[in-house]
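Below: a set of structures, written as structure tokens.
One chain, subunit A, appears in both complexes that follow, with subunit B as partner in the first and subunit C in the second.
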Partner chain A sequence: MPVGLILLALVLPLINGALGADLMFPVIVVAIYVMLALGLNIVVGFAGLLDLGFVAFYALGAYVVGWFASTHFNEVSFAFLSALPAQGVSGRELPGIHISFWLLLLVAGAFTALWGIIIGAPTLRLRGDYLAIVTLGFGEIIPRFFVNGDNIFGYNLTNGTIGIKGIDPPGLPFLPNSLNTWRQFGTLDLDPWYYTILILVLVTIFVNIRLRDSRLGRAWVAVREDEAAAAAMGVNTTTTKLWAYALGAVFGGLAGAFYGAFIKSIFPTSFSFNISVLVLCMVILGGMGNIYGVILGAILLQGINFYLLPEVNGWVHAIGDALESPLLSNADIPKYNYFLFGILLVMMMLLRPEGVIPNRQRREELHEGEEDESVVEPTHV
Partner chain B sequence: MATTQELKSRGAVLLDDVRSSSWQSRIAVVITVALLVLLLIQAIKDPGQFFSQLLVGITNGAIIALIALGYTLVYGIIELINFAHGDNFMIGSFVGLTVLSGTFLGLSFFAPITAESGAVLKIFGVILALVIAMVVCGLINVGIERVAYKPLRNSPRLAVLITAIGMSFILQNLGLIWKGASQIPFPDLISDDNVLAGITYTVFYRWKDLFVILVTMPLLVGLSYFIQRTKQGKAMRAVAQDKEAAAMMGINVNRTISITFLLGGILAGASGVMFGLFNGTTVFNLGFRQGLFAFTAAVLGGIGNLTGAVLGGLVIGVIGSMNDQYIGVRWTDIVIFTVLILVLVFRPRGLLGDRSAVQGGGQQ
Partner chain C sequence: MSEARKEEVPNIIFEARSITKVFGGLVAVNAVDFYIPQGGIVSLIGPNGAGKTTFFNMVSGLLRPTAGSFFFLGQDVTRLVPHRRAQMGIGRTFQNIRLFGTMSALDNVLTGMHVRLRGGIVGSILGTPGVRREEKEARERAADLLKFVGLRSRETFAKNLPYGDQRRLEIARALASEPKLLLLDEPTAGMNPQETARLTQLIGRLKEEYGISVLLIEHEMRVVMSISDWVTVLDHGEKISEGAPAQVRVDPKVIEAYLGTAMTG
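Now for the complex of A and B:
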């Protein structure tokens, strides 16, 4: 089945072209979120550390591309393997730093891994819920720093709320001129973008599967289930948890870097707490620790965002028109999507905490307290 | 002679303390002292501005402290970070606003109470808004506990925390549906005039600030009385120490937990209305920021510790207002979230100690 799905993914642009559907943009966004969810799954699903500030890595990845592939640092002029011609139209050198997107992917991965360790290291000895709040704190500080970063002792590091605009497209400049959309990814033909993110997602899935089945993956499970026992068995809990943070952060950063290049303008307000919760929702809905579940969760939730809610909006407006109720016919349902996600989080935790496609071990853990309920809690007193 | 001896031994004890302290706490002390010295310099330069700002900080701190008490009460009893608490506070400010407008669900109960209304009507309106918001928020909190937290009492703690985040989003979006996305002005019922007008003109202490303190004080006294002196308060303390033992002693654990949530909600409701009257505006996502500030205050004071929550609230309020004045409003959030992280990482017990851990309710 995986092979079939990959083949389907490979021919999706052809299907899209044949149907004349406008699928590519939503599919690319969904794929970005699949990467984010798989990254968070390493931290939450595999290692069992609740991270409420995952958006920080997404933002950092995006800003790496924003800084090093745009005209932002216009006091210097530096280009390296960029898809853009080194000389502008006027023949002068382009201001700013322009480094190849492919190199920046590596840089973003390394940079966010470093931040994963910086954020993770001091928090490791905290217990679960404190750790969640500390990661939330970092997740709030980093976007706010980007907001305020237009004046760091007088230096404009992040351009504040205006954000960084005009980010260079990726490209393969060594290709012949006839393959123009691949030489420099354009905005009209989304196929090169699609195949890029598809490769990134496939690599992410592959790495996730290999990690899950590795010595490190088993160490994560051990630490998640019983830290003291794991330590007694010779698992180094500190490095094990740090690896989870660092590797989770890498995929967040890669997704952010792709997002920055794809969307071309990044604003600090795009990286709010809501994104962290949305990604967490995907992991929980799909099934913590189950790679396919998490992918399904990401597709389902973004599907709701892109298709179901506008559809429901239409129904509500129709009902509102029929009832002549201005309240309903002017309602903006997609604005309330987080209402739905909130309900989803609560319902999932109450009814099926292991997710749609559960990870077997995770399910056992989540239902651990239930059999001996009568012993732990006196029923009616 | 005896006194000098005593002083000497005290000095020696202090020296021993310093010697045995970790480098982290030494750095923390040095930084705190340095910041206090910098503040003192500012205070000497312009005492009027400094003390006005200090008083604003204390007022903000009182509002934060009331929310922080809700976090700390709940954490003390079931070890849950009630993430939805900040949003309950926001609902409180919305309820207050609705009461003052006199209109609910299209039904007009009385004419809106505005800045032009008479003094008696204003006082009546403020009291009514406070009472209704307190009742509504208390009931919402109890309802949330019943629906979302109680079924998960034996689940892993992270499951309950995730549910709490879900509830937070639900409340926030209810607020969004109810009042829309923009900032909503509060009627300006309490005077902006200086209380100290006859005494000094350099320090500003508005009637609004005094109002917040006048409402907060009786609430704190009442809460303290309830917990220390009443039977139900005793039951709460018992449940916080050990649920099973309390149950064996005939305490109704479920009811006690509900009452804890009720108390937290009542305080959040009062705080929400005061926030609106004090700042003149409210917005649907207010609860996230204020909630995090209050949680910081609860952790700073020592989570589970009621005195700590009040102290933490005041400290956070003052840090916020000093930062507004001397560093810049735009950095206040970052500074306070940094305080949160530093406290959690380096001193998770907080200033006054984590009562729930001391009393054996902490995680084993």
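Now for the complex of A and C:
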């Protein structure tokens, strides 16, 4: 792994502090999306299973933290290794379930892996368009469940559209008071959050690389290339695909769990179909199957969202003011982000379908025989 | 004739009992009985459309027979899925080459080893010494296999290899699963005479050096006649003849199937 980039990531909060910039919040959100994109890359990039419902795992991960680290289940009072302020007299008397975030990360990973298998199992015989439609369906069902889950036979499981609020921060309660930032994971200093997601991202990258080069990684590519031949070579295509769904879902779930704790309030509407598409765009744009490409894709798209579009908005307003054109000075450019992503994606597919940093294999697939055949069959795509 | 053969070769590695396959209204394979002796090279020949490849796909498990059963190493494998048969020791190549095109030659062979490797997910992620050692040994063994089939380029993508090399890589990939029975579907198709001769020699070595039994579909009669211990002839899904190569060659029914009814009644 490029050591320079890791070092840069490690000192980023210092740079941010020195510049007096306000970068940490957007950087953390970008990092969450890097994790999501890397998770989806296992399913789409490695195993070649088009998944349009990846947001489901993001939502499930977030709701695990929402359920088990908030006052949501207020009919019980249970705390386990929770980082809630112990000094508060009522700290242990809080209603609801309060389990340590670090433990919940594991729970969220296992829970979403299970759901990856449950959602993956019915799709095993499907390919291409059909697979995409079914995964799309699941991606819609799960947020829909959270919307309507406030009355399951009279029981309020998800609190519906109101969502779950006041989610506990992670915290490291065993630290001395002098390290209060790290003890409490407050909202003013985002460094502990940043380093937490950085570690999660680094672990995700590491696991992705190891999986790619493993026996399972080869089986994924084999199934992607030719399922029947893979089966004839002894690859169990069923378990191979289910592992892709399960492992991809784990990272989606971990990202969701972090997001829930970070943003503190989760609503079903935070997990719309848009996110599935956005993450898929990151994977495709960056270079399907290439770990670094996918990371770059996530950074690029969220960078456009957070930085470029507001910036362009400023420019357009300035131009509008100068020209005295109310149309331009009142324009809301960031509103058109999905429109711009769409254009970007169309352009990429036409000009560089393999992504910014392509996977060697994918490039070969997309440019198959172009040199030999383009003369003979100029219209062949 | 077949009863006599059973007595001669008591060790049967693979047996098909009245295998039938019907596609819609078409009987592709009709009640074929068939067996392969341990360490033998058995050829399946017949004109185009005789049902050879259908039979073959049933042996490897890609197709389910409509009726009849298969026995491998004394076990009924009729209902086993392809990867389970590969685990048991049935390896195959494909008539229309089906390599993993965008994997390197070496990775293709390593994928062939899939069933013989143990490396689990946790072990691979953590990089445990056991998994590392296994991967290293697997790479060495894969390189040896490539050498055995006479392939020099390891890192080239399979689809960028010359045609003859792709055929050989398919054999190396099939050998990687350490098969006891190897199914070769027209391995010399599209090869020039030199390549064919080299491949024929290679198939002979499989039997001698590894003791692998071979089921061969082949159109090139010179290959069939020179290396087969036994030849079975299919025509319109029916077994019309079987026997030693020299016998089958002169069987009038075989000649008729290939050349049509003699004009000079």
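Remarks
As a convention for this text, the second predicted complex is superposed on the first by the 358 of 381 C-alpha atoms of A that agree within 3 Å, B and C clash if a C-alpha of one lies under 4 Å from a C-alpha of the other, contacts with A are read in each partner's own complex, and residues count from 1 in each chain.
As a convention for this text, a contact is a pair of C-beta atoms (placed from the backbone, for glycine too) under 8 Å apart; a residue touches a chain by one contact, two chains touch by 3 or more.
In this text the structure is predicted, and so the values were computed from the model without any measurement.
After superposition onto subunit A, partners subunit B and subunit C are found to sit side by side with no clash. In the overlay built on the shared chain, the residue A:231 is in contact with subunit C alone; subunit B does not reach it. Once the two complexes are laid over each other on the shared chain, residue contacts for A:145 go to subunit B alone; subunit C is not touched. The superposed model places subunit B and subunit C at 80 degrees from each other around the C-alpha centre of subunit A, with the value given to the nearest 10. In the superposition on chain A, A:244 contacts neither subunit B nor subunit C.
When the two structures are aligned on the shared chain, A:134 is found in touch with subunit B, with no touch to subunit C. When the two complexes are overlaid on their common chain A, residue A:52 makes contact with subunit B while staying clear of subunit C. When both complexes are overlaid on chain A, the residue A:338 reaches subunit B alone and has no touch with subunit C.
Of the two partner chains placed by superposition, only subunit C is touched by A:364; subunit B is not. With chain A used as the common frame, the shortest Cα distance separating subunit B from subunit C works out to 13 Å. Subunit A uses residues 365, 368 to touch subunit B in one structure and subunit C in the other.
Within the complex, the subunit C residues that touch subunit A are 60-62, 81-83, 86-87, 91-92, 94, 98-103, 107, 110-112, 114-115, 117, 119, 121, 124-127, 131, 135, 157, 159, 173-174, 176-177. Those residues of subunit A lying in contact with subunit C across their complex are 206-207, 210-211, 213-219, 221-222, 225-226, 228-237, 243, 247, 360-362, 364-365, 368.
Listing the residues of subunit A that touch subunit B in their complex gives 48, 50, 52, 122-123, 126-130, 132-134, 136-138, 140-141, 144-145, 147-148, 273, 277, 280, 284, 335-336, 338-339, 341-346, 349-350, 353, 365-366, 368-370, 373, 376-378, 381. Taken together, the subunit B residues at the contact with subunit A in this complex read 79-81, 148, 151-163, 165-170, 172-174, 176-177, 181, 243-244, 247-248, 250-253, 288, 292, 295, 299, 330-331, 333-334, 337-338, 340-341, 344-345, 348, 363.
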